[in-house]
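Here the chain labels run A, B, C, D and E in written order, and each chain numbers its own residues starting at 1.
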Amino acid sequence: QPSAAPSQAAVVSGAPDVCTSDAFGCAVFKPGEVVKLGMGAPMTGGNGSYGVDISQGASIAVTDAGDVKGWKFALDAQDDGGTAEGGASVANKFVTDPAIVAIAGHIFTDATRAAMPIYEKAGIPMLSPSNTVADLTTLGSAVFNRIAFSDTNQGNAAGDYLFNTLKVKDLAILHDGSSYGKGLADTVAAQFAKDGGTVVATQAITPGETDFTAVLSAVASKNPGAVYFGGYAAEGSILVNQMKQTGLENAVFFGDDGTYGVDFLTHVGANGEGAFATIAPASPDSAAKTAFNAAYLAQFGKEAGSLSPYTWAGYDSAAILANAVKAVAVVGSDGNLYVPRAALMAAVRATKDYVGLSGTFTCQSNGECNAGLPQFVVVQNGAWVAVQ
Amino acid sequence: MILNIENINVHYGAIQALKDVSFNLNEGEIVTLIGANGAGKSTCLNTISGILHPTSGRVTFIDEEITNTSPQDIVKKHMIQVPEGRKIFASMSVWENLEMGAYIHSDRSQIKKRIDQVFERFPRLKERRNQPGGTLSGGEQQMLAISRGLMAEPRVLLLDEPSMGLAPILVEQIFDIIREINHNGTSILLVEQNALMALSIADRGYVLDSGKVVLEGKADDLLRNPMVIKAYLGGEAIGSEL
Amino acid sequence: MNTSLRKSIRPGATIGIVHIFFVLIGFNMLVAILFARVSGVKQPDAIPAPVYLMAYSITMGIWAGVAAAQKRKQEFRQVAFAGCVAGGFAGIMAGLLEFGLAIILVKNINVRDVLTVLSANFIKGTLFGMQPAMGVMVTVMLFALGGTLGGALVAFWNSTPFQAFLNRGIRFTKDSVQKAQGVTHGKNRLLWQIASISLLALAVVFLPLNWGSYWNYVLGTVGLYVVLGLGLNIAVGLSGQLVLGFIAFFAIGAYSMALLNAPLPYHLMWGFWPALVLGVLLAAVAGLLLGLPLMRLRGDYLAIVTLGFGEIIRILLKSDVLTAYTGGPRGIQNIGGPTIFGRPFVTDVDFMYLIIGAMLLAMFIYSRLQNSRTGRAWLAIREDETVARASGVNTVRYKLLALVIGAAFAGLAGAIFASRNQFTGPEEHSLMASINVLSLIIVGGLGSIPGTIMGAFALKGLPEILREFENYRLLAFGALLVAMMLSKPDGFIPSRRPKFQIPIQPETREAPKEQDHD
Amino acid sequence: MHALSLPTLAVKGARFKKVAHVFDLLRPILGAIVLAFIAYRLYQVLIVQQEYGADTWTRLLISGLIIGGVYALIAIGYTLVYGILFMINFAHGEVMMLGAYAGLFAFQAFNAIQVGGQAQTSFLNAYPVLAILLAFVIGMFISAAIGYFLEKIAYRPLRKAPRLVPLISAIGASIFLQNAAQLLFSPQLREVTNPDILRRGAGWTISINNANVIIPYTGVFTFVLSVLLLIALYIIVRKTRLGRSMRAVALDKKTAALMGVDVDRTISQTFIISGALAGAAGVMWGLHNGMVYFYVGFIPGIKAFTAAVLGGIGNLPGAMLGGLVLGIVESVGPAALGIDFQLKDVLAFVILIIVLTFRPSGLLGEVLAEEKV
Amino acid sequence: MIDYIIRAKEVTKTFGGLTAVNAVDLDVAEGSIYSIIGPNGAGKTTLFNCISGFYTPEQGDILFKGKSLKGSSTDVIASRGLSRTYQNIRLFSNLTALENVMVGQQSRLRENWLDAIVHSPTFRREERNSIVEGMKWLDFVGLLEFSNAIAGSLPYGAQRRLEIARALGNRPSLLLLDEPTAGMNPQETLRMTALIRKLRDAFNITIILIEHDMHVVMDISDRITVLDFGEKIAEGKPGEIQTNQKVIEAYLGSGGAALAQKYQRKKPQ
C-alpha cells in the first residue's frame, strides 16, 4: 500500500517540488506498487450490464496503457448500483485509498451527482464515459469531465435533423424515464418544436419491461412520421420490433447514442431497417478498434458492444486518464513515483485531439470533452451506415 | 398386544413432557389415559401418531417398531388419531372434511357409503353437509372430528378428549358410539378429562401425572381407588347422584 | 459401514455441486485471487498461480469433510475417513467437471456464448496449468486431502481433551460473566451504568473523528437505516402491520429537505432545521393518509398495498407530470447541510454526529413507546387484532398511530440522508430499499432495538464488507441472507418480553381513585 | 389475597364512537370521489376528445389480454405457494427467469441442429411443434426443479419460524438467483430464436377503421396456453387427491398429517407445480417478447404478486382474474383515462388500493364477513 | 324493582339460511350469575357474540346498563365495562401473562403516547397502578407466580384462568364466560366454580356463563336460560330447569350417571 496520505506526501523527503506546490499534494507509489484508476459503475441489478461492460472495456485500456515509468496501472471497479447512495459510498472508499489517482466514471447520473462533491474535496479527476445529462458540466466542478455527449448537443442536432433533413412534420417522443433518456427527449422535443414541427405525443416507458405494445398503439393513433426514443438499446430494440405490430410500421425510429450498437442490430433484425442513431464522429473502424474488439472477445467471450453501447467509451476514458497520469507523474529522488493530484486534474482537462475508439476528444474548460457535432447513422442491410 | 409403548421420553425443547412412560393396548380393548391438564396425555397420543418423536423409548404396533415412522405411514396402518380441539379443516365443507378422513382410501363408492353411514349416525352433520367446518358449533365440530376419524376404518382409534365441550346428552351419545366402534372390532385408546365416564366404558386405565404413569390397572379398580376418586372423580364415588 | 459411506457421499455430492457452480461462475478464481492477496501478492493476475487454485481445492475439500464429519461421534480414524470419502466424492465430481472442461478446451468448442467465464485461459488455470489428465487427478487428490483434513479437524474438535479444554474456557467466561452481572445487578449498579454510558459516550464522541470518510459514510448509512428500521419496527414489529413500501416515507422526508433547502427548482433555502421538521411532519401526514383507507386490511394485503404506495411515490417523483416540481428523474442537487450556532455542519464527521443524534432520539422514543400502554396495545394488535379490539383497544387508532410514528422516523432519516448526499433522486427510493429495511429488522430480530442495529449492520454494512468479492458481492449477500435466516430464524437478537415486578411503593400511597375511572 | 376496590365504570365510549364513525364515513366519500373522477375522465376521453379510434382500442385490449395471461400464470404460482405456506415466495419471478433462460437455450440449440439432408433446415423449423413442446418441457422442468430445491433448502427448515422469516429467506434467494444468472450467463440481453411458424410480430391482420390491427401469433399462443394451463391446474387442485391434500395442508399441517397426508411431499409438489407454471410463463415470455436477461423476472414477479393479491391471494380463479384485470388496466387504463402511460403502474396500484378498500380480501377472495370467535 | 344489566329483546342472528339465534329475550339482573345452556349449535356462543359486539343482530336490540349497544364496536363495548372470554382460548400468546392482563386494562388507562415518551406523571401513576392491579388480578386467579411467563407456554387450565384475568382488567361490570371449565378435571372445575362465585360476591360483577358441566351450572347459577335451535325453550331457576321435561329431552338426557351405570352393568365381569 502507498505509504502516505495524499496531503502528507509533500513532506516526505525525496518528493519532487511539484508536490509542495500542488494544491492537493501527490500520490506516492513505492516501487512495485500499482497506480490505480477507480471506476464506480453498476455491476449488479437491472443495469448491471453497463457497469460490467464499461469496466471490461476500461480494463483492456489499463492493460494497453503499459506502465508509467515502471509502475503498472490497475483498474479498481466498484459496484455503485448506479444510485446516489452507492455512488457516494464508492467515492468515499476511493478517496480514502491513496493509490487511486483518477476515476473513469461514474456511469449513471445519480451516482455521479453524489460522488462529484466528494472527489472535489479530495482533488481526484473524473472522466465519465457515459454521463450525458446536460447540466453536469455547468455545475462548476473542477474534477468532472466527460467524453460522452451532452444531451444538449445531441438533442439539438437530432431535432434539427428530424425536421430539416428527414422532413418529419409530426414527431412522437418516447423516453425511458431515466435522467439520460428524458433529458435527451426533452431537448429533442424543444428543438423540433422550435424548428416548426409538431410533437404529437410524448410518452415514457418503464425500463426493464419487455412489452410496450400498449403505449405504442396509443402513439400510433397520432400518426407520427417518426418516433424519437431517448433511452438504451434494450428498450429501443423492443420498441423497434413492436412498432411493426402496432400500426407504426411506417414511422421512422430515431434513437440516440444509447441505442447504437451491434446488440441493437441482432435484436431488431429486419425490423431495424431505416432506424437512426447518433454516435460520436469517429472513424468507426480504426486498427485500434479492431484490435480492441478482438481482445474484448477473447477475454470476455462476448462481442464488444453486445452488453452496452459504451464499451469503447469505457476504454477511452481509462486510456485518457492513463495518458494524463503519464504526463504528470515524476520519479522522486527516493525512487518513489509521485503523481501530483492538482496537476493531474489539469492534465485531464487539457486533453486535446485525443483520437480514441469512440471519437476524437478535446476537453473544454468546463469538462466537456466531446463538443463535436454528432454523426447520424442508419441501419441499412443489417448494418450501421453513416449518413451525411 | 396391538400397541405397545415402552419407556418413552419426550421433550419439547428443554421441557420434558413424558418421563419413561410405558403402557399398552390389546386387540379389542378400550384403554383410557386420564390425568390433569398438562399431564402429557396428548403428548402420548402425538408420539404414537408420529407427530412427535421420542428422545428415547420404543413404540411398537403389532410387533413392528414405529418409533420414528412418519404420521402418514402410521395412518396407513389404520391407526387413527382424533385430535384434541377438533381440528376441523375450517374452510372445507363437512363433506370435504369427511373425504379427508378417508384420504388413505381411494375407492370412491366405499367412501360415499361410509359418509352415508356417518350421516345416519349424526343427522346434524347431514343437515350441515355443505357448510364450512369452521362455522359449525363446538359440538357439531366434535361430531365431525370423530366421524372423520372413522372414515379411515381405523384398526386402532386414538381419541383425545372426545367429550370436551359437548352437551351432556351428546356425551352420552359419543360414549355409546365409542362403545359401538369398539364392539365392531376397533381397539381404542381414549384420553379423557371425564374420568368417570372414561373409566366406566374402559377395560383398563392408566393415570398420568406430570409426565409419569403413576397408576394403572383395571378400570373398575381404578374407579374405586381412593386417590383416583379424590383427584379425578371430583371426590365422589361411583354411583352417587350427579 | 455401507450406510456410513452413503452418509458421507451426500455432503460430498452437495459440495461437489457447489463447486461446479463456483467454477461455472468463475468464483474459484476469485477465491484463489483472495488467497494470493492474503499471502502477499500485491496485484494477482486474473488467473493466479496454480498454488492458490490448489488452496481453493483443498478448502472445498475441507468444507466437504467438515460437513460429512459433523454430528458424528465416532473415533478419530472413522471420522477422518468419512471426511476423506466426502472430499473424495466432491473431488470426483470436480474431476468430472474438469474432464468436461478439458474436452471443451482440446476440441476448442465455444461455450462462452452460454457460460461466459469458460475461456481457454480460465480452463487452463482451473486445471492448474497441467495436462488435463494430470489436472483431474490432482484435483481429486486435493479434494480428498482436504476432506481428510476437515474430518480430522472435526474429530479433533470433538475429541475429549479438546472439549475439556473448551469447557474450561466456557466455564471461565461464564464465571466472569456472572461476576460482571454481580456488578451490574449489585449495589454498584449505578456506578456500573454510569461507567458504561460514559464509555459509550466517549466512543460516540471520538470514534467518528478517526474512522475516515469511507467508514463514516458507510456507518452513517447504517445509522440512518437504524432509524428507518426502528420506524418500520413500530409498524411491523410492534403493531404487526406488514408495510412493504416503507421507503416512500423516507422519500417524502428526502424530497421535503431537497425542495425546501436546495437552490433548484425553487430556491426556497429554508435552512436545514425547518426543512427537517417539515419533512418529518409531511412523512407523518403521508402515513396518516395512507393508513386511513387501509385500516380494514390485514397481513399481506396491507403489504402489497403499501408496496404499491411506495412504487406510486417513486414513479410520480420521476414522472413527466411532476418533473417541473420535483426535477423528475434528474432529482435535486446541491441540497444544503445544517448549521449549528452559525457553524456549517458539512463534513462526514459532522454528519456522523448528526446521525448518531437521530439514532439516539429514535431509540429513545422507540423504547419509551414500547414499554407503555401504547406499546402493549400495538403488541396486542399484532398478536390477535380481533381480541385486542374486544379487550378495549381502539385498533384503528393505534394502527394509524403506528403508521404515523413509523413514517415520521422514516421522514427524519430521509431528510438527513438527502442533506448528507446533497442529492436525492427518485431511484434512491426503489422497492429494493424498502425490502432492505424490512430484511434488516427481521434479520436483527423483530421488534428489538439491538436487533435493529445488528440488522442494519448486516444489511447495509455487509455489502460494503463484501466489496472484496467484486461482482460476486450480491450473490454472496443473497446466500448469506438465506443462511442467516436458516441459522437464526428469530434474528440475531430477538426481542424479549419485559419482566415486571410489583412496584416498590404499594398502592396505599396512590390508590386508584374513584375519579380516575370516569 | 388483596382486596380490590372496583369502582363502577362510567360510560366513556362516546369519544371513541365518534372516531370510528369518521372512518366509516370516509370510505364511501373516498369511493365517490374516485368514481367521479374516473367517470369524468372517461367522459372526457371517450366522448369529448375521442382521441383514439376503435383500432387503437382493439390493439390496447389485445396487448392487455396477452400480458394479463402471462401475469395470471405467474400469479397462480404465488397463490399456490401462498395458499399452502402463507408465504410470499419472493423468488418466484427468478424461477420464471430461469425458465425463460432454459427456453432460450433450448430454442437456440434446436436452431443449431441441422436436419433434412439437402434442403438444410434447422430442427426448430423442421419440427416446430415438437421443438416448442420440448422447449416448454425443458423450461418447465428446470423451473420446477429450481422451485423444488428452493423450498427444500431455503424454506423447509423455516417451516416453524415466524411468518416473515421465510419471506426474507425468499428475498435472499431471489437476490442469489438473479446474480447467479448474471454471473453464469453474463448480463447480456439475449434474443430468443422463434420457429418460423411463431415468428414474433407476425400475426393475423384484421382491418378496423381502415387500419390494420395485428393479432400476433405469439400473443394468441401465449394467451391460449395460459388459459389451458390454468384450467388444467384448476382441475388438479379441485378434483384430484393431490389437490385435496394441498388444501388440507394449507389449512392445518398437523391435522393433515393425521389424515395420512405426507405434508413435506405435498409442499414439494406444490412448489414443483408452481415452478413449472412459472417456467411455462418464462418460455412464453421469451417467445412473445423475445428478450431474455437476468432481470427479466423481477418486474413480472412484482406484477404477478400484485395480480394475485388483487384477485384475492390464495384463490386460484382470483389469480387468473387478477392477472387479466391488471394486464388490461395497464394497457387500456392510461388511454381510457387520458393519462401518461408512464403512470400505468400508478394506475394499477391505485386500482388495487381502491379494490382492497372496498373488498379487503381481493376481487374473489373469501369475504370473512364475521369471524367466528 | 330489579336492575337489569342486560336486557336483550328479540335478538335474531342468521347466517345465510341458518337462524342461529331466533328472537331471544334475555334479562340479566345486576349482580347475578346467569347461565346459558343448550345443545351444541344451539346458538349460545352466537348470542355472546351479539352481546359483545362481534356480530350485529339482524333484529332486536340489546340494552347494556340501559343503553343500546347497537352499532357499537367491540372496543367501545369493552370500554363500557363488558368483558368476555372465548370458547377456544384466544390469548396474546407471545406476551407475558401480566402483559395480557395489562392489555385488558387498555380502556381504563389515561396515558397516551406522548405521556409515554416524556414519562409524564400521569404515565408513571398509570403504569404503576396498572402493574399493581394486574398483579392483583393474576393473584386472584392464582397465576401470580406465572406473571412474567409467556402466555402461550402456560398449561391449558392456567390459560383459561388468564383469559378471565385479562377480561377483568378493565374492571367490568358484566363478564361473559364461554365454557370456562371445558377440558378441566373435576378438581380444577371446583376451583373455577369457586372463583366465579367469588367474582360476583367480592366484586359484584354480573356473570353470564355458557357451560356444559351441569355440576357447575346447577351449583352456581341464579337463573338459567336454555337455548335449542336458536330459540329459548326454557328459563328459570336451576331446580326448575333440571326437571323441565323439554330440557331433559333436548339437552340433559339421562344425566350421565345412568349411562355410567349402564356400562358398569354391561361389562363382562
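One rule holds for everything that comes next: a residue touches a chain if its C-beta (ideal position, glycine included) is under 8 Å from a C-beta of that chain, and two chains touch if they have at least 3 such contacts.
Since the structure is predicted, the reported quantities are computational estimates derived from the model, not experimental observations.
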Neighbouring chains common to chain A and chain B, by label: D
Shared chain contacts [chain D and chain E, defined touch]: B, C
Pair joined by the larger number of C-beta contacts - B-D, C-E: C-E
Chain B-chain C separation of Cα centroids, rounded to whole Å: 47
Between chain A and chain D, centroid-to-centroid distance (C-alpha), Å: 37
Centre-of-Cα separation between chain C and chain A, whole angstrom: 33
Between chain C and chain D, centroid-to-centroid distance (C-alpha), Å: 29
Chain D residues counted as touching two or more neighbouring chains: 7, 9, 12, 16, 20, 179, 186, 340, 342, 345, 371-373
Shared-contact residues (touching 2 or more other chains) in chain C: 116-117, 319-320, 386-387, 390, 394, 471, 474, 512, 517
Per-residue overlap in chain B, given as positions that touch at least 2 other chains: 135
Touching residues (chain side chain D, partner chain C) in the complex: 5, 7, 9-10, 12, 16, 19-20, 23, 26-27, 30, 82, 88, 105, 153-154, 157-158, 160-162, 164-169, 171-180, 183-186, 302, 305-306, 309, 313, 340, 342-343, 345-346, 348-350, 352-353, 356-357, 360-362, 371, 373
Touching residues on chain D, where the partner in the complex is chain B: 241, 244-245, 247-248, 251-252, 254-263, 366, 372
Of chain E, residues touching chain B in the complex: 15, 18, 37-43, 45, 87-88, 155-157, 179, 182-190, 212, 214-215, 250-257, 259-261, 263-264, 267, 269
Touch list for chain B against partner chain D, complex: 49-51, 70-72, 75-76, 80-81, 83, 87, 89-92, 96, 99-101, 103-104, 106, 134-135, 148, 152
Contact footprint of chain A on chain C as seen in their complex: 42-43, 112-113, 116-119, 212-214, 216-218, 221, 318-320, 323, 328-331, 333-334, 348, 417, 421-425, 427-428, 430, 432, 464, 467, 470-471, 473-474
